[in-house]
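Have a look at the structure below before the remarks.
The first chain written gets the first letter, and so on, giving A, B, C and D; residue counts start at 1 in each chain.
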């Protein structure tokens, strides 16, 4: 069953086309990685899927329903959860309250209904000891974990992760990969943008390459990584 | 072990206890205080209500309005209209004042929400001016020169006779005491209501929208609806306060009831000086404001000049206001809204 | 015929409102700052001219030339040492600081000049009128309108023909990148506010010549200016002139129907535009 | 004494440390490349040198003077110009105005002026009156380079000038680098595109996670070394 389908989606800012006729599908339960150089339009593609931006052309279907013109808030309620590339915690709220907002509003439940769920997520993402600390005081790793936790608190069917491993040490990165693997193992569909390639390839089943807003390739991670297009994009072209 | 959530702190338990004592003292005040004190307290309490609602709007909702005088004025005029035209008793007419403010808040929001940030601020001001000019056309209520509450309406007001007998005072003093008690109830309900709102999941959403609107939308918060809720709530409360203030004054004119200085500038200064975005801030602010007014009352415009300069200085030096400075140093919160998760794997951790 | 006369008077009145608004528009266009003390600064300008006229026995038209550099300095210092400190993502500090400034300024003027209304001395020229066909036009309104057009032409020249204008636009686009070009954004902002106050001084001249003024009339001028800016579209100077004209015509037409409706009609015109075109008539593309 | 150097340079965004004691040097008439993956701290390094981020006075020195706390506009006036990441053209300015604004803080006669910039990038001459943002990515990059050159800088900082450009366009842009060197500027070129950077540089620094992990001349570094310094061990 198809979880998410993009058909000929385009988005421009003035003269600059940042998403150019993108089409692809993500089956339910799959983890898809998205790679591409800086400025390739990866985050824009995410914003189009989550509804933080609206597509100029094309359509986006989620679980068979056309969500092209649905707001970010409603898409969250239908089961699309996201993390932001630059962590965007609610700084004055505590870690627990950050999750509470997501859990109560993202699922329309009362605080007491979701208390144990939130605590459970915080245990899994190893933030439980920091539950009562204001999010503004967290370290980078903790902020990344909070991004992940908050997205999880909406109980998404589709989880979008935007460069969640960037800027972490190798050990921190491994711990985070483990957490993401566990979430994936529970059947959550994942789309993950990442520059830390070994983190990405250790989780995803399929890889999509984006350049100039266009889908250059999509398929088996090993094949994609050894393709000439990716070699050129990542290691440069010979003059 | 299961998790539980609490918002209480030791300070808040002490506050609750002291607050209960304070409330009893305040209710009992007319039994031992003079008429001047009662009038001062009425002024402090009504300004506190206006300040709490502006703070809800700007400090929590991010909606910086300079048009709160629209709701004070409309509320006041609705009360006068209800009393003069329909023969209502002034006391229940206060509810009419709130309702009228709520009614005009809908078109106001419809226009003002089309403007962002600073333009929203002046937009609300323009709309308040429109209401002032429209009300000035209302000839049965005195047009531009205004009118007074009919003598028999104020004389026969609910509870006045009761208070006269119980406290053995003249009817003018009894009306002041009645107004004071109503203001006290309004202030307590306002503070309690706002505190309650902030502790619900809507209050949490409000804080989330204030911290980061985009992220809030992405976790399912309806940011647009939060704006409406906050705007309408604060219009309703401001209208009630407006009705009450003019019930006590018993005389109204469009220029006074829609005064930007009296009903918005003062209120903004109170909140900024005390500390925006907290319940404690306006309480501190209104006390400082009253103190300054008493000290500088004889110096005319120097008083407002000082207030303006003080507000500028606070905004630049201590943008979280006096209460912000204090709570930053001491970690003190009299009205804690922060939920703390306890139990489970947190049992061993320090409180 | 009377209606044509009314409309023309309204257009000319619009020139005055455009003068009130140009400074506001300039400052907003460059640094996204809405100065709530703008109206009070106009009134302050009028008092400054009055003081110069009284002390030095000058004609208001000469006094304004002395007042202009003084007001430039006031604007420059105000921006550099006070308002620059409030710029940022949070809209509260600039709003509250300029609102505090507005109240402080009003009351400082009250303290200095009392609440009595004042007027700049007029002479034969300023009370004269000319006949254009069947319509009689006051010299003063014509001068006002001409000055408004001149101010806008001059501002456009400054913006699009000079190095300073380039720096204004570049800083407005992206202050950090502008600093990589050797531009000091803080000084650019100070200069912009200085220029805005020069325009304010011109507006003050006509304010004081055409009608009485007192320390409390600033906020109403701010509102007219604000309405003109919003109607015209943020950042468009010609749009601001048109916005001023729309307010002016609405007011004179309103007043012709019922004198009490003058101000109200202007506000209603503003709300109508807001309803139909919330971004104004000539919105800037990249806002 | 190097023309420009950083000494134990650190940088933080809030509590996030982006640079950990970075030491790099640029000599007169030299071109230095700084390579590394996204998030390695390259752009932070450039912003620190250009004065957008403040440091301790001695963390950055230019021509023997400490400039670590000097504001960006004064550093530019001393002769350090930057081509910022993402081009950052001014949308309200035409192509020619974008170039002219490059001289605002430093008017030094030298090789570069409107005429020579239009010789370097002829397409800009043709489109001089267009808004800068109406150009293609490659042309915008040319404007950004031209804008920085207009002040005849002694040091030119180029931050990811190949970013988001097609290979053929990148080649075009890089053709200008030797001419810029010839006209007398020293360059620091920040690149993700290793091949490009190696081709023009006299020396290379590789950065990872806020630290310099490798440096040397292009010939002395094997592709394997770079691969390791770039992605970290283990991949």
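Note that in this section a residue touches a chain if its C-beta (ideal position, glycine included) is under 8 Å from a C-beta of that chain, and two chains touch if they have at least 3 such contacts.
Small disclaimer: the values here were computed from a predicted structure and weren't measured.
Sort out for me whether B-C or A-D is joined by the greater number of C-beta contact pairs.
B-C
Suppose each chain is reduced to the average of its Cα coordinates; what separation in Å results between subunit B and subunit D?
It comes to 55 Å between the two C-alpha centres.
List the centre-to-centre spacing of subunit B and subunit C in whole Å, with centres computed as mean CA coordinates.
34
Compute the distance, rounded to whole Å, between the mean C-alpha positions of subunit A and subunit B.
Once rounded, the distance between the two centres reads 43 Å.
Can you list every residue of subunit B that touches 2 or more other chains, as numbers and ranges?
Within subunit B, no residue touches at least two other chains.
So which stretches of subunit A touch two or more other chains?
Residues 14 of subunit A touch two or more partner chains.
Out of subunit C, which residues touch more than one other chain, so two or more?
Where subunit C meets two or more other chains at a single residue, that happens at 286.
How is the touch graph of the chains shaped: line, ring, star, complete or other?
Here the contact pattern is a ring, one closed loop where every chain has two partners.
Please list each pair of chains that are touching.
According to the stated criterion, the contacting chain pairs are A-B, A-D, B-C, C-D.
Using the touch definition up top, name the residues of subunit B that touch subunit C in the complex.
58, 64, 66, 111, 114-115, 117-119, 121-123, 125-127, 129-130, 133-134, 136-137, 144, 260-261, 265, 268-269, 272, 276, 300-305, 307-309, 311-312, 315-316, 319
In the complex, go through subunit A and note every residue touching subunit B.
Those residues of subunit A that touch subunit B are 50, 52, 71-73, 76-77, 81-82, 84, 88-94, 96-98, 100-102, 104-108, 110-111, 115-116, 118-119, 122-123, 128-129, 131-132, 150-151, 153-154.
Residue numbers of subunit C touching subunit B in their complex, please.
33-34, 36, 82, 85-86, 91-97, 99-108, 110-111, 219, 222-223, 226-227, 230, 260, 263-264, 267-268, 270-271, 274-275, 278
Mind pulling up the subunit C residues that touch subunit D in the complex?
163, 166-167, 169-170, 172-174, 176-184, 286
Would you pull the subunit D residues touching subunit A in the complex into a rising list?
15-16, 37-39, 86, 91, 133-135, 137, 160, 163-164, 166-167, 170-171, 174, 191-197, 199, 209, 231-232, 234-235
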